[in-house]
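Next come two complexes built around chain A: one with chain B, the other with chain C.
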Partner chain A sequence: MTRAWRGAALAAIVVVLVVGLTPYLWMFATSFKTRLDTLSDVPIWTFQPTLEHYPEVFLDKEYLPLLWNSVAIALGTTLLSLFVGVPAAYVFARYQFRAKEDLFFFFLTTRMAPSISIVVPMYLLFNYFGLIDTKFAVVLAHTTFNLSLVVWMMRGFFADIPVEIDEAAQLDGHSRAGAFARVLLPLAGPGIAATAVLCFILSWNEFLYVFILASFESRTLTVGIPGLVTPHGTLWGQVAAVAVVATLPILIFAALVQKHLVRGLTFGAVKG
Partner chain B sequence: MKKPKSIGAALATAVWDRGVGVAFLVPGLILLTVILVGPFMTTIGLSFTDLSYALPDRDGNFVGFDNYRRLMRDDPVFWQSVITTLQFVAVAVAVEFVLGFAVALLLSAHIRRRRVVLTLFLVPMMLAPVAVGLIWKLMLQGDFGMLTHYLRTVGLLGEQTAVFSDPDLALAAVILIDIWQWTPFVTLVMLAGLLSLPREPYEAAIMDGAGRFRIFRDITVPLLRPVIALVLLLRGIDAFKEFDKIYILTGGGPGTATELLSVYTWRVNFRDWDLGYGAVCAFMVYLVVLILSAACHTAMTYARGASGNEGRRG
Partner chain C sequence: MAIAFRRIRKVFDDGTVALDDFDLGFENGEFIVFLGPSGSGKSTACRILAGLETPSKGAVEVDGNDITSLAPRQRGMSMVFQHYALYPHKTVYENIAYPLRVRGENEGEIERAVREVADMLGIADLFRRRPKQLSGGEAQRVAVARALVWKPEICLMDEPLSNLDALLRLQTRAELKRIHRELQKTFVFVTHDQEEAMSLGTRIAVLDRGRLIQFDTPQAIYHRPATRFVAEFIGRPAMNTIDGTIEAGNFRAGELTVPMPDPMPGPAVLGIRPEQIELVDQPGPDVVTMTLDIKEVVEPDTLLTLKRGEVSVVVRTLRQVSGLQTGDDVHVRLPASALHTFASQDGRRLS
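After this line comes the complex of A and B, so read on.
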């Protein structure tokens, strides 16, 4: 590569990064700006930071429970999806049976299912059982896409483990289920961890199901933020503060599992 | 090799193993049936009724194909939203693909600290779409938006215009915002595809004195074809379902300028409370996604082969 070409490539990468990050950093900065600085006609880049918005919105406006809802719902759906999905993925990776690929395709379609298409009957269903505005209802709704994510991702991780290991474990006197629990699960541990983090992220970021199924007591941060946007006088400092809290943990998690992101987002078709 | 067992014991083990397989698989299937297949069937059922929470006497009477007829003949707003959706998906996905692939090519060349660069580059797509919507709403505010200010300074935006009050600008803006958020996805997947390509064809081509462009056109693109198809389909499906950002940014407006199918479906169901007709719209959205998913499944099968990810499937 010539020097000029290299320079151009680096410049392009810098431009891409600036365009990609500036909007987020602007939101981040806004969460520390006074109302006056935010509403200034000319954008203000250097300012005296204030911490007032965070306690205002999380304590005075009682947004703290929303944070707890986000955590509880994301954890709940992650655990449920793993508990049900990991054994199913193992079956897909190790068993041969008729209609296996059709069933697998069925799991794919559930991952793709547009929430807008099923949220109405889901609302009627949960309403019938008195589950509207409960975390449990949202956990179930989020499991529609997370369960299939687990099945697709974990099938790949199990397939990466040589079959000889199963055979050796069974020679050691483990039953098939025993070999799965005592030998394969620990080996698939890193894959399970990565899958769990992805499930958590997808649930945490989800909007429509929470918006329709739980818009009061059990709403999450993602549904809480738009509630702060009003036609007259949005307090952008507070909006930004909630947005920062709703996104920063996710960015850290995403960086942790970056190696497995490709696999998770392409359903195991492309390896990272 | 397995120790020799009596036939009875072997049979018992086989039956037991089979049972374990069924026990492992069935809970997931039951769960998905209850929370997904059930509601989906209900949607289809509702589409043949006149159920509405807003109008009197519309308590779910069977109306045959009335709703479908209305969709086909008497609902220009639906068809307008189909066109808007097609515009949104086609432009957004095409630009995302070209840009994302270009960045992937840049990053696939030997770059120091590629990991760090990629991590930073992925930030937009990890943000909740709602947060993305709010970030851009803030940036494009009519009175004090940071970007509004600079766009006016360089003369790209009139003093009196706000991006989201002009129909054409609003649609262009939501497309650009989608591109901002999802170009990293294309980069991420294409980069993984590029880095997993075999070396031999390249070495052979360089020996033959092929130029950079010819190598790209005749080796890289054909080898990546399944991954390219997969990326386009995955992005296409997601863009087709887009709701969150539009809801936050424009709510479908001004007028119906940015009303994508999902937003229209939402409006029919949750603003007009016309659940029977809304079910038809919902069913249409689902149908398109199902067809695209089938194509996606095919692409995945090929992509797995192409990126050497076949592994050992038991």
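After this line comes the complex of A and C, so read on.
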């Protein structure tokens, strides 16, 4: 690459970073601003920071249980999606059966359906079983869209492991299931971690299902934020404080597994 | 322990017939080679024996017991794979130890067995490495060590040498022969390389398009190939095969006439190995004169492609023939004892 191209590429990266990071930094700053500073016409970058918003929203307004809800639901969704999806992905990667690709495509299409079109029937269903406003209902709902993701990503990771490894494990004394559990799962570990993080993030961020199915006791931070838009105006400082806490786990997890994340998501693109 | 394939047929989901009416038996302690071109079903036969494939028909027996439905781990066999199939997340030591761990051996026993097999293969200094840090030859040894560490009665090897470079292949081949002699276990070795098969096998099963063509010692396969296919597949350069007819005590093909000792009149294929054709100085009663077409010097041998009309034969000789030029007359004798005849129709051996 020539020097000029390098310069141009670098400039492009800077632009993307600025566009992408400025709102986040702005939000981060806002969470430490007084109400007066947040309402200034021109964003101010130098101000006397305050810590008042965090205790106010999490303790006084009792948003702390929402944080717990978010964690519990995202964790539950991740575990359930992996528990069902990883073995399914293994089967897709290793076994031949009739209409396999059709079934696989069907799994993917479940992700293409707009949530809004399923949420009402889902509401009726959960209502019938008395599950409205439970974390369990939200976990089930979130698993519906995460399952296809797990199957999609993990199939690629399993396909990358040579079949000979399965066979070697069987000749070394494992049953087929044993080979999967004892040899293949550890080998697919990085892939599982990346998939788990993505599941967690998607569930953590999800708004609509939680909003419809669990808008009271079991609501999450994401759904909690609009509650800070009051008739007397939006409490920007508190909104930002909640948002900062809400994005923290995503930042940490994404940083941990970004390499595998990219690899997992581009699998389909490469192999068609 | 005797192993037997009983009329195995294997049809894959896409309709490919990998094996058809495959019937074969051998004894404990042999070094059996499955030899054939790609698509001959040799790997499938090996995988059926291992339990990695289920035959569509037929049975696999060990000592008369049907093991067709047993899982691989219940068969007391181990396997070396073409691409080694080492566990990438484990060290060399743990790779070798793994079959013992799965079988619940105690730590002391594992350590002893791993050391013993590693010493035999000369890989004890690699214990702490990971498969990624091994050369092809080293990885191959580790794979063999893992297959032998728990002393299985039968060790299967599916083209284990095909990923090594030529020199290493020769070394590893010699080593496998030594190991087989030391361990006295049954080895089943799959290859498409006839030289590998000839050097390793106590007996060779030659397969073609899913069928067993011949099962015999390397010597018998070389000297009395059962079909034209075997004749052409074994030995390099390949046996000369000439389509012609037998009539009045002679084999005729174009301008070539060769006297036949036990003539059965009709169309036939004459076969003679390049190394068994003798160059002679003078024309004579049993001598054929041909024209030199191509001369290839492959020290210490020389390969001569000779022509007479439409008929073309290759001669391999150790004699110095530097004086010969393309177009020269060359006198050759085709010794009666070196002649093979095959049926024109199905290639089956006639003589």
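One rule holds in what follows: the second predicted complex is superposed on the first by the 247 of 272 C-alpha atoms of A that agree within 3 Å, B and C clash if a C-alpha of one lies under 4 Å from a C-alpha of the other, contacts with A are read in each partner's own complex, and residues count from 1 in each chain.
Just so we're on the same page, contacts are C-beta pairs under 8 Å (C-beta built on N, C-alpha and C of every residue); 3 or more make two chains touch, one makes a residue touch a chain.
Predicted, not measured: the structure shown is a model, and the values here were computed from it.
In the overlay built on the shared chain, the residue A:Ile225 is in contact with chain B alone; chain C does not reach it. Legend: residue contacts after superposition of the two complexes on their common chain; A:Asn127 is shown touching neither chain B nor chain C. Counting the residues of chain A touched by each of chain B and chain C gives the higher count for B. Within the superposed three-chain model, A:Gln96 lies in touch with chain B and with chain C [touch as defined at top].
In the superposed model, A:Val183 lies in contact with chain C only, and not with chain B.
Of the two partner chains placed by the overlay, chain B and chain C both lie in contact with A:Pro162. Contact with chain B, but none with chain C, is seen for A:Met27 once the two complexes are overlaid on the shared chain. In the superposition on chain A, A:His174 makes contact with chain C only, while chain B stays out of contact range.
Within chain A, the residues touching chain B in one complex and chain C in the other are 96, 162, 167, 170-171, 175-176. Chain B contributes residues 2-3, 13, 16-17, 20-21, 23-25, 27-29, 31-32, 35-36, 38-40, 42-43, 46, 103, 106-107, 109-111, 115, 117-124, 126-131, 134-139, 143-144, 146, 149-150, 180, 184-185, 188-189, 192-193, 196, 227, 230, 234, 237, 240-241, 243-244, 247-248, 262, 265-266, 269-270, 275, 278-279, 282-283, 285-286, 289-290, 292-294, 296-297, 299-300, 303-304, 307-309, 311-314 to its touches with chain A in the complex.
Taken in their complex, chain A has these residues touching chain C: 96, 162, 164-165, 167-176, 178, 182-183, 186-187, 189. Interface of chain C with chain A (complex): residues 13, 50-52, 71-73, 77-79, 81-89, 98-99, 102-103, 146-147. The residues of chain A lying in touch with chain B in their complex are 1, 9, 12-13, 16-17, 19-21, 23-24, 26-27, 30, 38-43, 84-85, 87-88, 90-91, 93-97, 103, 105-110, 112-118, 120-122, 124-125, 140-141, 143-144, 147-148, 151, 156, 159-160, 162-163, 166-167, 170-171, 175-177, 180, 201, 204-208, 212, 222-223, 225-226, 229, 236, 239-240, 243, 246-247, 250-251, 254-255, 258, 261-262, 265-272.
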